[in-house]
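Next come two complexes built around chain A: one with chain B, the other with chain C.
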Partner chain A sequence: MSEGVTPASARLTRRRSLTGRPGGRRAWRRRLWSVPYLIPAAALIGFAFGYPLVKLIDYSFQTRPNIPGSVRTTVNYTLSVEDPSFSDALQHNLTLLVAAVPILVIVALVLAILLFARGRASHFYRSALFLPYVVSIPVVGVTFGTIYSLNGAANDTIRSVGLSGLAQDWLGDPSYALFAVVTVIVWKEFGLGVLLFSARMASIEPDLYDAARVDGARWWSQHRFVTLPALREVIVIFIVIEAITMLSWVFGYIYTMTKGGPGGATIVMEYLIWTQGFAASNLGLASATAVLLLGGLLVFLLALAIVRRVFAKGVS
Partner chain B sequence: MRRSIIARHGLLTLAVLVTLAPIAFMAMTSLKSEEEYSGDRVGLPANPTFENISTVLDDPNLSTWILNSVLITLGSVLLAMVAGVLAAYPMARSEGWWPKGLLPGLVLLLAVPPVVLVVPLFIMMVNLELLNSKLGVILTYAGLLTPLATYLMVGFIRGIPPELDEAAAIDGAGRARVLWHVILPVMRPALVTLAVVAAVYVWNEFLIALLFLQTQESQTLVVGVASLRGRFDINEPLLMAWSLVASLPVIVAFLFGQRYFARGLVAGALK
Partner chain C sequence: MSAMRRHNRYSRRAVLSRAAGGAAALTMGPGLLAACGDDDDSGGGGGGSGEATAWMWGDATELADWLRGVTADFKASQGGGDVQVAVQQVETLVSNFAAAAAARKGPDVAAQWATQPVLAQAWAGAVEPLDDLVPESERSHWVFQQENQYGGKQWAAPLYVIGQPFCYNKKLFEQAGLDPEAPPETWDELLAACGALKAEGITPLAIGNKDTFGGRWAWAFLAVQTLDSLDDLKPPLLGEASFADPKYSEWAVRWKELIDNGYYNEDAMSLDGQGGYDVFGSGKAAMAWAVENGALAWGEALGAENVAQLDFPKYGTGKLADSYTATQSTSYFITSWSEEKELGAEFLQFLHQPEQLKSQFETCNVIPADDRFDRSVITNPLHKSLADRASSGLQIWLENWIPPSVDETANGPGGQKLMTGGSVEEVTALWDQQAKVWREQNPDIAKRFEEWQMTPVSV
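So, the complex of A and B:
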């Protein structure tokens, strides 16, 4: 028995040192055991992200990507930025962000708080509220396209309550189309917020609420002073996720509901890239617009990270 | 106290009604005939008919599109899971900067929208003659999912006490055996979680499927249904029947795998 112990513990310490502190060339070589494990992921990421990102920048500086005789140029960037659709699209993405994100946060917050008081029915509510999040965007777009059409269910409902004057061609009128899209995105996305907020709230110490109650805090004060501070971090995460969504993940809604119309009233950056690259077959121009979008996103994320760091310093 | 409970359930019921209304509209309209729909677009179907649903079920495109969606989903999810688990293991267990230091890069990739990748990917597909092939989109989806898969799995493996690894190492197990016989069995719920989240993503994905699968025979179910809107031979009730049939698999999968799906999204966002 005692004979078996020594080699085993020796092996244990040896293995510990494998992952231990870096110490010269031998330690470095020992860490290389991870390389074979990383190869499949590296290959797939290289296929879907690495090589395409390198080529994207390359193509954005070419007149006719992938065609012999293509010339290096910066004209794609000038053309992209000078196209009036570019500023329209950018403006629409920002409108989506400013309009949809606050509504999403508030709706999700209210519902998460309402769900929090555990009842037997909570499970049913939770599933029902989350359902839109799993339905695919094109199906959502097709369904809402039918609901919002001039002779659709939305207008029929409005007319049936005697408000015929308010019936509109929701997706076909430039002054309403973008906001009709906002309602659809909010309907589809708020479930994620409810889920994230509920998950965080479930881990709040019940003692905190008891203590607040003992201190005489009513319903609102309990949530103001216990729930909201606990949720601060996850609210920020939800805002970041949704902001990125509004800037660069809404193609499916636009393609299936409005095709960027009417008259460009709902064109967004993704749809612009798609039009330039695949409807007008100008892959160089589309690449330049894509580089600008990606660059803008990175700057946005960087700014956000800096703001958060400054805030965190200010608090502590 | 009583009043507040009533208010709470009232508000939640209202929210649920608003949430479910469009889905109910989809289901109810699919049970109406075209004439009934043009007369009453909002109400319950007075004479429910399964004609639209059976038209959808009899359409030869349906089985093709379902098969495409299933194969593409299975292939890409499996690939991403294998790559993710393998890469996550050394990342979760390393104490030095390598390969743990790759993690922030993965997180950054999560924010890269597919739309910026489609131009070069499209040219790649053309050059590799993978346009309209399942292999092309499977590799693309697997690649797009790998950062998320790796990231989620790192979180889960970190939650497994390293003493388990060490105990197995004492018994003489190498790294591969530790991963296969110790880590993987403990990780089964995490793997289901990842599979559910990834499968819903692939099943529902639109942009890449739209661009890289351009023939009717190669399309996925979701793209197929979206392409029906505006076609002259499709009326609204039939379109809603198609939408319903395309949504049912995910809705059913969600209702059964809800716990896993929720856990996956929470882990992805909060860890």
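So, the complex of A and C:
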């Protein structure tokens, strides 16, 4: 029994297992009472998420949603998948996932560990490192759009140290543009990881480190055998958050820095949806692409949950 | 797509508005696609209350200011009728109206870029023709009307006319040993001039293509030269020909020639349109295109005597090759769901009254699209010559005549591909593919496009 379970809750658990009627009638009555209180929130959530989702799916099967003469069709899905921009966008989202998430985890982890137990100064550094996370994405995008231009601050710095040959048009060259976007996303997002990891590390019993030291563990071993196992759950949560970000929450970066360019080199699914729906006024096509993105994301999250469960079983 | 908006979209204000647009879009997410629909057909305007809403384009501060003043005057002139103007920015003009049109709810009067963006909405049933709302005696004064005609009807009103001049710096020409009074007229002369300028260390051509407008303009300037009529645009868009055919791909071959020879500023892909203008305006490049206001700003920065306009050098022999690139830019129309159509029409007519034409020129420094405008008030010689060029002969801004979705998904990215090492074949394949998407997604609109009598403006 875990230490969080009180004797009373233990009795309740035992009674549940014996009778199959947890809490009996009184508990059921109490639960029924909660239903009316839940209705407003459930209705709000249903309206905010359910209604748009139903309309989205409805639109995805129309040639020109809401416009007289629109016909029911599945052509939007065919066109969406056949569009070379679709595969490009998907590939770019996956590239962001594969490239940015590991870097984010490693950078955040290293910084959190380095800042661990550094006294008062660590609070300052943690706040400083978290700052990029609270800056709005459009501000970050516009700023880095300037910094990464051919004659921007990044290249000025490179040239000033005599490495002119390395200066590139970071966002204007298809070979580097996505890489440049990754660096901006990492810069903006790693603060969240530092904060999450630091918060968890603050709750690790110091005795564990003392015991490790007594056993002869040095700095690296202490963190490998004490810190990392303690952080496992938080790392997984951070990976999930950032994976979702890379797959469906990077529109702001792309819109403000590259507009999917040059020549589609940084187009991502969200930007493709926006282009189809609002720049090209193809709401049906955009809806189909959005449904495909949503479906893909749900499959990804399901797969992640299964992997987590299998991994947890393996560990236990 | 058109003109004045492109000049002003590059202001600090436009950048901030774009950032705000991005933030808004970011927070709205895919749900916005669904949320913009509604089956309720009730008007979003006054609902018969004598009050109409107008979504006017006003990225330029001056234009927004003028609209506010004019709206107040209109209210004062009406017996109770009022028009509430909501100024739309470049980045949201199309998307906001697309959402309104899908919901059949929104403004009584709205603006879109001229020609295809207007007609696509008209074909989708979102626009009311003006023929029964504005008397012919009034409409006959409007210029550039051909840009918004279909099926014998007039679908939108112009507000101003603006040209996209190709200019050169006489001083830099002289510095490179070129005759400043004899700018290049043919393609070979252009290549020779570029070569001479480059040899002198002068950037021959300035452009900014980070936001895709440089490439779109390149297509508009170059692709028109192989066309004999605007109807020539139909076969590849309707799938009856390929954009890879020389008639439709020659422009890309020529433009790539300029790119591959290194005649453009090397930071072209780092700069947006305004950044490209600035390269010329700072005297670092010898030739560039701009909107009229941009060219006038160049005249002020470099000295009016150093800036001159030239017709874009010719490589093509199509009948449209000698056309000039002018357009009404934004067009204004009455929405089909409006319950204040008459009031909206009165407002459009009010914008064309001589007093408003005069104040529009004085405030915005643009030429009103109305033959009642007294041109004698134009005193700047450069402005006068630009205005004269936009009022003689064929006037075609080619971007206006293709479906907006193809412009957005093929023309823009295609231009960037060419500028970053992509091949002509790759770009024409993109055009073919996106034209196919447009046709299959909009079969009814494609049919209307096929039937459309495309008549260029001839003044």
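In this section, the second predicted complex is superposed on the first by the 278 of 316 C-alpha atoms of A that agree within 3 Å, B and C clash if a C-alpha of one lies under 4 Å from a C-alpha of the other, contacts with A are read in each partner's own complex, and residues count from 1 in each chain.
Everything that follows uses one rule, which is that contacts are C-beta pairs under 8 Å (C-beta built on N, C-alpha and C of every residue); 3 or more make two chains touch, one makes a residue touch a chain.
Computed from a prediction, not measured in an experiment: that's the story for all the values here.
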item	value
Partner chain(s) touched by A:Leu131 [first = chain B, second = chain C, both, neither]	first
Partner chain(s) touched by A:Ile204 [first = chain B, second = chain C, both, neither]	neither
First, second, both or neither for A:Asn66, with chain B first and chain C second	both
Partner chain in contact with A:Ala286 - chain B first, chain C second, else both or neither	both
Which superposed partner A:Phe238 touches (first chain B, second chain C, both, neither)	first
Chain A: partner with more touched residues, chain B or chain C	B
Partner chain(s) touched by A:Ile273 [first = chain B, second = chain C, both, neither]	both
Chain B versus chain C as contact partner of A:Gly141, first or second or both or neither	both
First (chain B), second (chain C), both or neither touched by A:Gly152	both
Chain B versus chain C as contact partner of A:Ala167, first or second or both or neither	neither
Interface residues of chain A shared between complexes with chain B and chain C	48-49, 51-53, 55-56, 59, 65-66, 136-139, 141-142, 151-152, 249, 251-252, 255-256, 270, 273-274, 277-278, 283, 286-287, 290, 293-294
In the complex with chain A, residue positions of chain C that touch it	15, 18-23, 25-26, 29-39, 94-95, 98-99, 101-104, 120, 124-126, 209-212, 266-271, 404-405, 408-409, 412-414, 416-417, 419-422, 430, 433, 437-438, 440-444
Touching residues on chain A, where the partner in the complex is chain B	8-9, 11-12, 15-16, 19-22, 27, 31, 33-34, 37-38, 40-49, 51-53, 55-56, 59, 65-66, 110-111, 114-115, 117, 119, 121, 125, 127-132, 134-147, 151-153, 156-157, 160, 187, 191-192, 195-196, 199-200, 219, 234, 237-238, 241, 244, 247-249, 251-252, 255-256, 269-270, 273-274, 277-278, 283, 286-287, 290-291, 293-294, 297, 301
Touching residues on chain B, where the partner in the complex is chain A	4-5, 8-9, 11-12, 15-16, 18-20, 22-23, 25-26, 29, 41-42, 79-80, 82-84, 86-87, 89-91, 93-96, 98-99, 102, 109, 111-113, 115-124, 126-127, 139-140, 142-144, 146-147, 150, 166, 169-172, 175, 200, 203-204, 206-207, 210-211, 222-223, 225-226, 228-229, 236, 239-240, 243, 246-247, 250-251, 253-255, 258, 261-262, 265-266, 269-270
Chain A residues within the chain C interface of the complex	48-49, 51-56, 58-59, 63-69, 75-76, 79, 83-85, 136-139, 141-142, 149-152, 169, 171-174, 249, 251-252, 255-256, 258-265, 270, 273-287, 290, 293-294
